[in-house]
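Which chain is which? They are A, B and C, in the order written, and residues in each are numbered from 1.
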Amino acid sequence: MKGIILSRKIKNKLNATWMTIWTVFIFFIPLLLTAGLILKSSILLKDHSFFNLVTSSIWKPLSGEFGFLPFIISSLLVTVLALLIAGPVCLLSAIHLTQYANRYILQIMQPVIDILAGLPSVIYGVWGIIIIVPFISEKIAPLFGIQTSGYTIISGALVLSVMIIPFILNILLDIFNAIPKELQEASLSLGASQWYTIKFVLIKKAFPGVVSAMGLGLSRAFGETIAVLMVVGNVASIPKGIFQPGYPLPALIANNYGEMLSIPLYDSALMLAALFLLILVIAFNLISRLLIIRYEKRFA
Amino acid sequence: METLSVSKKVIPITNYQIPKKIQIENLNLKIGKKHILKDISVSVPKNKITVILGPSGCGKTTLLKSMNRLTDMYPDMEVTGKICIDDEDILHSGTDVTNIRKRMGLLSQRPYPLPMSIYKNIAYGLKISGRRKKRFLEKRIRHYLIQASLWDEVKDRLREPASSLSIGQQQRLCLARGLAVDPDIILADEPTSALDPISSQEIEKKFLELKNGYTIVMVTHVLRQAARIADYVIFMYLGEVIEQGPAYEFFNNPKTEITRAYLRGSIN
Amino acid sequence: MKRGSLNKYYLRKISLKAEEIFFRATMLFSSCIIIFILLLIIYSILQKGLPSLSIDMLTQTPKGGFYFGKEGGILNAIIGSIYLSLGATSLAFIIGLPVALFMNIWLSHKKKLVNSFRFILDLLWGIPSIVYGAFGFTVMIYFGIKASLIGGIVVVSLFILPIMIRAIDEGLKSSSVGLIEASYSLGSTKTETAFKVMMKQCLPCIITAVLLSFGRSIGDAASVLFTTGFTDHIPTSLTQPTATLPLSIFFQLSSPIPEVKSRAYAAALVLTVIILIISLSSRLFTIKYKKNRINF
């Protein structure tokens, strides 16, 4: 009997130990990632100034010139455009679903959002090539008198906006559902109409949450690789308009990494691009999530 | 039983002589198959404090909110019957629902100040009614804050967010906010349940002062509170009205066995 | 009120009403457009994929090289993806389940620590998969490992680990402290409480977490791009490079040869169907789960 109890206790102790080890290991993943990327990109930073790398637009890796500006601008253009398209759609739909929609629409929308969130990036890319690219080159660009193949910044932004819709919408739904019903009841009982309540109370209350949802959406969009890569054109020069091809940072890494390892500087440059991505995404995430937490504390 | 004696009311108020403010007939409310309110018929006397009593989960709050048509917010709720206020059936009348609600101030279990400044919380209702002149607003806001005995505490910080107030102050702010739309009825849903004893007392005192100008309907499950301030009691149990009548009679001469059991404290 | 201000009041009321009608219409439109986009995606995948789908497509590997050969199918990618996702999901499960249990049982009284851990996991979830892929590949080169199934499994499992832990954690979080205490009071150790009581209580949510992670790992392209490589053959050991469905779509779609492209469309259809099945079955699970769950 004593032996059984003892072995149970030992088992318990052992389990606790290796679980602690795993947990600590997970704590270290982001640090490891950052440290590794810094180590790798330091080779390039040794004889190129960071400022020059970020402001130069000449990308000639074989002759040792690494200007990241075209990629940074493409990335920013694509993500900001995507957010401008997806943001209002998500906000409107979230208010609709939490305030006005009847049960039937909710029952349809829940699996729709689930499936959209689950579809792989590459499927969105295929859809982009089948639908968006011809749509841009045949319908939209001619409206502005522009001839294009359709593989453009705007195509990337459109595909990306569809991809982040389920992501942002899910967060917004949580935020609007978390607002107590009694607050709305208070406003309604003062004689406000439902719309007045939404406009002056609900949106005001949800505002910090909405901002963070958009921030999270932006950071999600920023790191998206394959789908954008498939429709955005991938030309390494600064895009002069939204109907021009672009070359975002993730696409740069995906397209070139693995083949160029024989050139240490090139390898290092791509790692620097990955480091950019990592830092920007973590920074955006951090700010948005801290905002949400602070907001929840204030209104809890 | 000492705490339950209704000392102030020496003369028992008889139901039939008092003009009625709210009259509910055969009100039924269902959510899907759940029958929340079963065939409710009650009347609320004018300028008195009517207390809806009952164990939790018996439909008190739902009854209160249906008077205000806040039940509209939940599309699943199916409401049938008649709710008349001053002889106007608010469930079926063509009047704008916002005008109906404006006639009733609402206090909920916890204070829910609107996410804006103290000043704007009270101006909110006034602005909806189309009052936008600054001088008028300031005068009214002062008036209602004094009426809710909050003025002295907040007069120097009107522009601060309402959430910076203590919870007791917030509840009084909600009262002032409700009074500002000039209602003739105050609906209160356990307004003191989240408050400390002193703040609760203040709210109760306020109600006793206000009942001359307003018809007050208050939900509570605290027997002593009901005994302290009620003029008229509606007792509910499991979605039905078991007994209603003047407080004096309710507490001293309950008619049904369930009421007696509740007053003894064996139902809760 | 004066007459003028009364007019203004009604004017304002009418304009608010008009505003509401306008916004309600745009809101409904927004929701509808989201549904429409999903239908459009599924329609376009079906329209291109169905004609390309055949028995040969599903049962043969590409003949004559995946990029040029006109014959053969996508069996290499289907099998490869299943190997990879099964491996990565199991690995993430083996690490993730104990960690989630650890957070909710051993650390259940250190709320601050657990919450900051959740915060870090959420941050990890936000890191783009291309970063995991590139970093993983660098490490693999450092240790002299070539693109292989095992490399892919490790990198993908790291990438889905935060998702796995957080999904299980959400389920554990919602089950009550009372249950843990009841188990302790019967004399169970923490380990027994964790693996016998909590796991049973949260089994449906654990299954949902596994399905979710499986879906993520089978669909992600950027993390396997360098780490598993691509090949025409079905791998026979962990050290061989492996084809995956996302990459099979990505590479073959860029080919000018229509037969090769049709392989990409077929792969897209297969992948979509897999994701749909996962999505719907996890939905069924959560619905059933809510019905049968005992609430404390």
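One rule holds for everything that comes next: a residue touches a chain if its C-beta (ideal position, glycine included) is under 8 Å from a C-beta of that chain, and two chains touch if they have at least 3 such contacts.
For clarity, every value in this text was computed on a predicted model and none was experimentally measured.
**Student:** Line, ring, star, complete or other: which describes how these chains touch one another?
**Tutor:** Its topology is that of a complete graph.
**Student:** Write out the two chains that share the greatest number of C-beta pairs in contact.
**Tutor:** Greatest count of contact pairs is found between chains A-C.
**Student:** Round to the nearest whole Å and give the separation of the Cα centres of chain B and chain C.
**Tutor:** Centres of chain B and chain C (C-alpha means) sit 50 Å apart.
**Student:** Could you work out how far the Cα centre of chain A sits from that of chain C, in whole Å?
**Tutor:** The answer is 15 Å.
**Student:** Where in chain A do residues touch two or more of the other chains?
**Tutor:** Residues 193, 196.
**Student:** Counting only residues that touch at least 2 other chains, which ones in chain B make the list?
**Tutor:** 129
**Student:** Which of the residues in chain C come into contact with chain B in the complex?
**Tutor:** Result: residues 1, 5-6, 8-9, 12 of chain C touch chain B.
**Student:** What residues of chain A sit close enough to touch chain C in their complex?
**Tutor:** Going through chain A, the ones touching chain C are 8-9, 11-12, 15-16, 18-20, 22-23, 26-27, 29-30, 33, 36-37, 40, 88-90, 92-93, 95-97, 100-101, 105, 108-116, 118-127, 129-131, 162, 165, 169, 193-196, 199, 216, 219-220, 222-226, 230, 250, 253-254, 257-258, 261, 270-271, 274, 277-278, 281-282, 284-286, 289, 293.
**Student:** Going by the contact rule at the top, pick out the chain B residues touching chain C in the complex.
**Tutor:** 129-132
**Student:** Can you name the residues of chain A that touch chain B in the complex?
**Tutor:** 102-103, 180-193, 196, 200-201, 204-205, 298-299
**Student:** For chain C, which residues are in contact with chain A within the complex?
**Tutor:** Against chain A, chain C makes touches at 16-17, 19-20, 23-24, 26-31, 33-35, 37-38, 40-41, 44-45, 48, 95, 98-99, 101-103, 106, 117, 119-124, 126-135, 137-139, 141, 158, 161-162, 165, 189-192, 194, 212, 215, 218-222, 225-226, 246, 249-250, 253, 264-265, 268, 271-272, 275-276, 278-280, 283.
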